[in-house]
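The structures come next, written out as structure tokens.
Paired with chain B in one complex and with chain C in the other, chain A is shared by the two complexes that follow.
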Partner chain A sequence: MSSILVKNEAKLGLKLVAPAVGIIGLLVIYPILFNIYLSFFDVQLNGDKTFVGLDNYTDLLGNPRYYHSVGVSIVYLIGTVIGTTVLGLAAAVLMNQEFRFRNLARGLILLPYFAPVISVVFGWQFIFDPVNGIYNHVVVDVLHLTDTRENLIGNPDSALFVVILFDIWKHFPIAYLLLLAKLQSVPKDLYEAAAIDGQNAWGRFWHVTLPELRFVIATVVLLRIIWNLNRFEDVYLLAPNVETLPIFTYYQAFAGIVDQGGAAAISVIQLLVLVGLIWLYVRKVLKW
Partner chain B sequence: MSSVILRNVNKSYGNLPIVKNLNLEVKDGEFVVLVGPSGCGKSTTLRMVAGLEDITQGEIQIGDRAINDLPPHKRNIAMVFQNYALYPHMSVRENIVFGLKKSGADAETIKQRLADVSEMLKLNDYLDRKPADLSGGQRQRVAMGRALARDADVYLFDEPLSNLDAKLRHHMRTEIARIQHQYNMTAIYVTHDQIEAMTLGDRVVVMRDGIVEQVGTPMDIYLQPTNTFVATFIGSPAMNLIEAKIEGDDLVFDHYRIPATKIANVDMHDLSSHDTVLVGIRPDFFEDSALSSPSDNLFEFNEIQVDLVENLGFDKEIMFKLGGEDAKARLDLRSHVKRQEHISLSVDLNRVLLFDTSPQGMLINAGEV
Partner chain C sequence: MKKSLLVASAVLVNGFLISPLSNAATVEFWTAQTQSDRLQTIELLASTFEALNDGVTVKVVGVDENEMATQMAAAVAAGTTPQLIEVNSEIIMALGEEGIVDTKTHQGVINDIGKQRFHKGALTTLTSPTGNYYGLPYHGWIQGIWYRKDWFDEKGLAAPNTWENIETAAKALTDKANNQYGILVGTKQDSYTEQVFTQLALSNNAAEFDAKGKLIFNSPATLETINYYKELAKYNPPGPQNWRARDYYLQGKMGMFFYSTYIMDDLALAEVAKGSLSSENFKELSGGTFDPELVKNTAFAPIISHKSAASYGTLSGLVALKTKSAADAKATKDFIEFMYDPASYITFLHMAPGGMNPMLKGIAEDSAYLDDPNGVFKLYGADKMKQIVSGFDDIRSFSVVKGKTFPASGAIFAKSVIPRMIYDVTIENEDPQQALDSAEAEMKTIMGK
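Now for the complex of A and B:
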């Protein structure tokens, strides 16, 4: 192509992406920059700001509640990421088998993912209700595993595990969907070749299925980490006493003693971690 | 190595029969080729031996083991797939030794086998590459290597050359024949290519619609096809079949009267029970009368008008009408026939086959040739 054509093409390209760049700049870049700016100020609710330098960061790094919420977030991330990936993989392998009503089953599995958070959260709270909930009924009255009725959601320590369980249940369908899509494209003759090479069902899963899925599994794991590092509504609505990082940030910014500068500082640190993860995704996972 | 025996094997999907009552014995060290048009059940038969399809009815035995209920990984077979089915995440080396390792071979054996196979198939330069970085021909060789490295009872080939270009296909065909003889492998080879069937098989099994039409050596099948299907399926160009009336001792069509008594293995009494027969003449058995040496068993088709000449180098194929049908003859380069010319073609009557006019078109003059 001649250079004039190339130049014109480039100009047209710029014009075409300009609106998108503008919107992203307005809705994403500006708030991020403003957030970084705020993290160096003591911000009052009426809008008054006093420059405090790195004080917000030093305060934060000296605050045990911050470390506690980092710890909670890590447990939450490990639990949910492993849980959704393993359950999603199991469901995908199961739904890749031939059986009657498979298409119906494939659709039904997606339901938790489609259901509105607020309605299923009420359902889950009811399940774990200490007086009327089915959980306590089964554990205490039917199975007699213990004598005392537990308020699992009321106690922050056990609530963390309820929240993890809820997230796994609600979000495994997305892992399932991605993994199943890839699973369907694995050539059948690879399984046949592995069978001829002496591999039983487990060996075929290990030597054919898993290697074929590794790119998608890496994608699922990394995307789940990125999403769940920011997950707010599921946790806050089901058990507001579980202080993961986004919940802690919210309390800093909008509840009790309002400290918007401090909240901005938490966000900036979290942003750095996320940028690192996204870099890993773009540089490594997408290259596989 | 082991023999393979298929006894009354049937396969159907629901009510649709795919393989019907198949009986076949592949001897220890024998190379048997299953050939037929697509949908004839040849691949299904192979896959039943491999255990990739279950057997609706009948019995398959490898050596003295009945294997009907054994899953593929317990049958000790090796197989080369049409699309190679190489493990994409493994290097060539890992692909080749994968099955060998699983079978519990010790490190020294694995090393030795890998060296043998990669030497034989000229894979030494590619051992560390992934399948995605190989050409089609190289992948094919790796697939061969993976099968050959195994110490299997039976080696199965499912149209392994059909994805290669003509030149490479010819080369690999020769290689497979050489390796099979060298290792004296028991092998079952599926193809729709009749040249592969003819050149590779100790014996060839011609199948159609799930039924075995004929089992025999390549030359048996070429010279004594049991029916018109086998006659026209094997051999290229296909055998000419011309309908002829029987008048006394002669077969009559156009203005020709062929003396049936001179055709090999004809029982004149049996022949008189037919009104018409199909006369089968392979295009290769025609000669340009101008070049043929006289012999009393030659029959001359005179006044043949040449409709078309296709020059193929050494050979030329000519088209003309015989008994109202299009017919073909293959002459060699000494003949200088031109389009629209009138020529005479000779045929050795020992090479002429007669088929009945029933739908099966069974061979009438079967016998030694």
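Now for the complex of A and C:
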């Protein structure tokens, strides 16, 4: 009798998850499989396909620009992830203190995150315009720090750092928001106990705040990695010559006439890289 | 039942209600004219056509020229291909090779209008290797160097019509400490860079293809052009630049710049706006000396000579795309012919007097054409206009060699191979020969597909 009950329950369970499985299958699994399939073809716009085997992959892996963009992406990822997390943490600790106009300050910090990308990108471009921008005006004409006007956003040596700076400025509020929420729930008596044990402010931060925040910080880092590995619009709009992986993919596959086979091959590799990275991070760093 | 299902799905697919008349047809028209005032003019033409043709809906969509190929690819893949687009000849040739262009409609329009009425060079530019028309020439521009005549005279410089003259003048007019720049050449990875490079390359007899269609881009002549380009880029405003930097010219911070005849409109507008833009309003900006006499002090050098004389221009055309609906195809053909009707044609061309020049003979002499609303043609004089339009009998470009067309050039253009090469050399300081080698390799990959 009990076995019938278990069987019936299993059937009901299957029925209940069926819609979710169906939707995920249709919207996630099918596109991934179709994408893998396409990566072995040369696809014309009118739908004609020619089987080319591994050509799309060998073209890609034989392209030096690809490895260059992997390098740029790694620098971009490390810079932005560390930058947003540290700045977000600092802002959260600061905003957790009592002071006048604290609520106002808490709200103002969020502004860069809310502002539309395109408008702040234009703002940054105007600021750094080599001929008319306020940055060069102040540095060259007012402070006389140097004679040469720099195009910081256009110059490939500095562009990557401007893009990293932009991302940190634009996205640290989300790290701040998540961390502040957790900070507010840290019990006060932990700090009191630490103070009785003779810990100064730094010791209290190191031994109480950080361990309490560990999982939130880990989540922030994970989210930032996923977002920024695929980040396109900020980089492309601000400095299209910074070739991170998504920008490389765009130039390679989507600029001009779309090379659907090639694009599929790139995204298959990118998916593998992302899955591998996340697996490594979750198992080795987070130890979940 | 089946019919109602069809209608319902048609409504779903199109996102709006189609009038249930039997001759109902839709022309979705993508235009590269994205400025709102130009879109308004095109909307007006579309409404006029709708009023004349019962049951036909014309939907005008503005698509940025640099995005056109990508957007088209997405639309074709999604099954929402527009019926008609207006875009530059390079992209037309690339799309033509993809097998989505309705060459029959084009042939029909040419038969109706008369082949001999089109400028010959313009029509050749859009002809496929097998003799089909991938598009219909609609308007075109000529590129050249626009320069401050008064500054040239002051310093005793010769007009920038040879390589030597250009370089000498660029050097003489650059004063970076005072925020003054000698010249603007494109160094960003976009089409402006290719346009500037092409004119210089043609004047040095460098080409992409020979008459047999063999790729001959990697040549001493091309290398020489790249080295020269790199020299000129030294006198550019700092960092990667594209056509937007022409604003520095309008602000009096640049001596000369490569630009199409489109600037005539902007210069004329600057003339109109001179009341509000005076040096006094901008005295805070270093170098900024706005010249109220800018039109008078600007001269145009359309031909650059080195090993040969090269004038460079390009044209935009109308392209009908394959559609399953015969009614839509018919309406598209009618709409194209309406757009060539002198009244609507001149209305369209007047959106950018001087920039958009007619591709049909006889229009430029039309008194209605010469009487544009901004008075641009009066400002420049009828003779100058006639001289510009006559250039279209012999437009030179990479894709046409001795009367034969090589559409692969369009695919290479669409992939920005040349602009990226120039960017690598001028901004990333890559070795010119190395950059040329990789550009050639990329061109071969594109042609192999």
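One rule holds in what follows: the second predicted complex is superposed on the first by the 243 of 288 C-alpha atoms of A that agree within 3 Å, B and C clash if a C-alpha of one lies under 4 Å from a C-alpha of the other, contacts with A are read in each partner's own complex, and residues count from 1 in each chain.
Heads up, the rule we're going with is that a contact is a pair of C-beta atoms (placed from the backbone, for glycine too) under 8 Å apart; a residue touches a chain by one contact, two chains touch by 3 or more.
On a predicted model such as this, the values are computed, not experimentally measured, just so you know.
After superposition on chain A, the partners chain B and chain C are accommodated together without colliding. In the superposed three-chain model, the partner touching more residues of chain A is C, compared with the other of chain B and chain C.
Shared-chain residue A:207: touches chain B; no touch with chain C.
In the superposed model, A:196 lies in contact with chain B only, and not with chain C.
Look at A:13: by the touch rule set out above, it reaches neither chain B nor chain C. Taking the C-alpha centre of chain A as the apex, the lines running to the C-alpha centres of chain B and chain C meet at 150 degrees, rounded to a multiple of 10. When the two structures are aligned on the shared chain, A:240 is found in touch with chain C, with no touch to chain B. Of the two partner chains placed by superposition, only chain C is touched by A:141; chain B is not.
Chain B and chain C never share a C-alpha pair closer than 51 Å once the two structures are laid over each other. Of all residues in chain C, only 69-70, 72-74, 76-77, 94-95, 98-100, 176-177, 179, 181, 188-189, 237-241, 245, 248, 251, 253, 285-286, 411, 413-416, 420, 423, 427-428, 445, 449 touch chain A in the complex they form. Across the complex, chain B meets chain A through its residues 50-52, 71-73, 77-79, 81, 83, 85-89, 98-99, 102-103, 146, 150. Chain A contributes residues 42, 44-46, 48, 59, 130-132, 137, 141, 147-151, 153-156, 240-241, 251, 254-260 to its touches with chain C in the complex. Of all residues in chain A, only 187, 189-190, 192-200, 203, 207-208, 211-212, 214 touch chain B in the complex they form.
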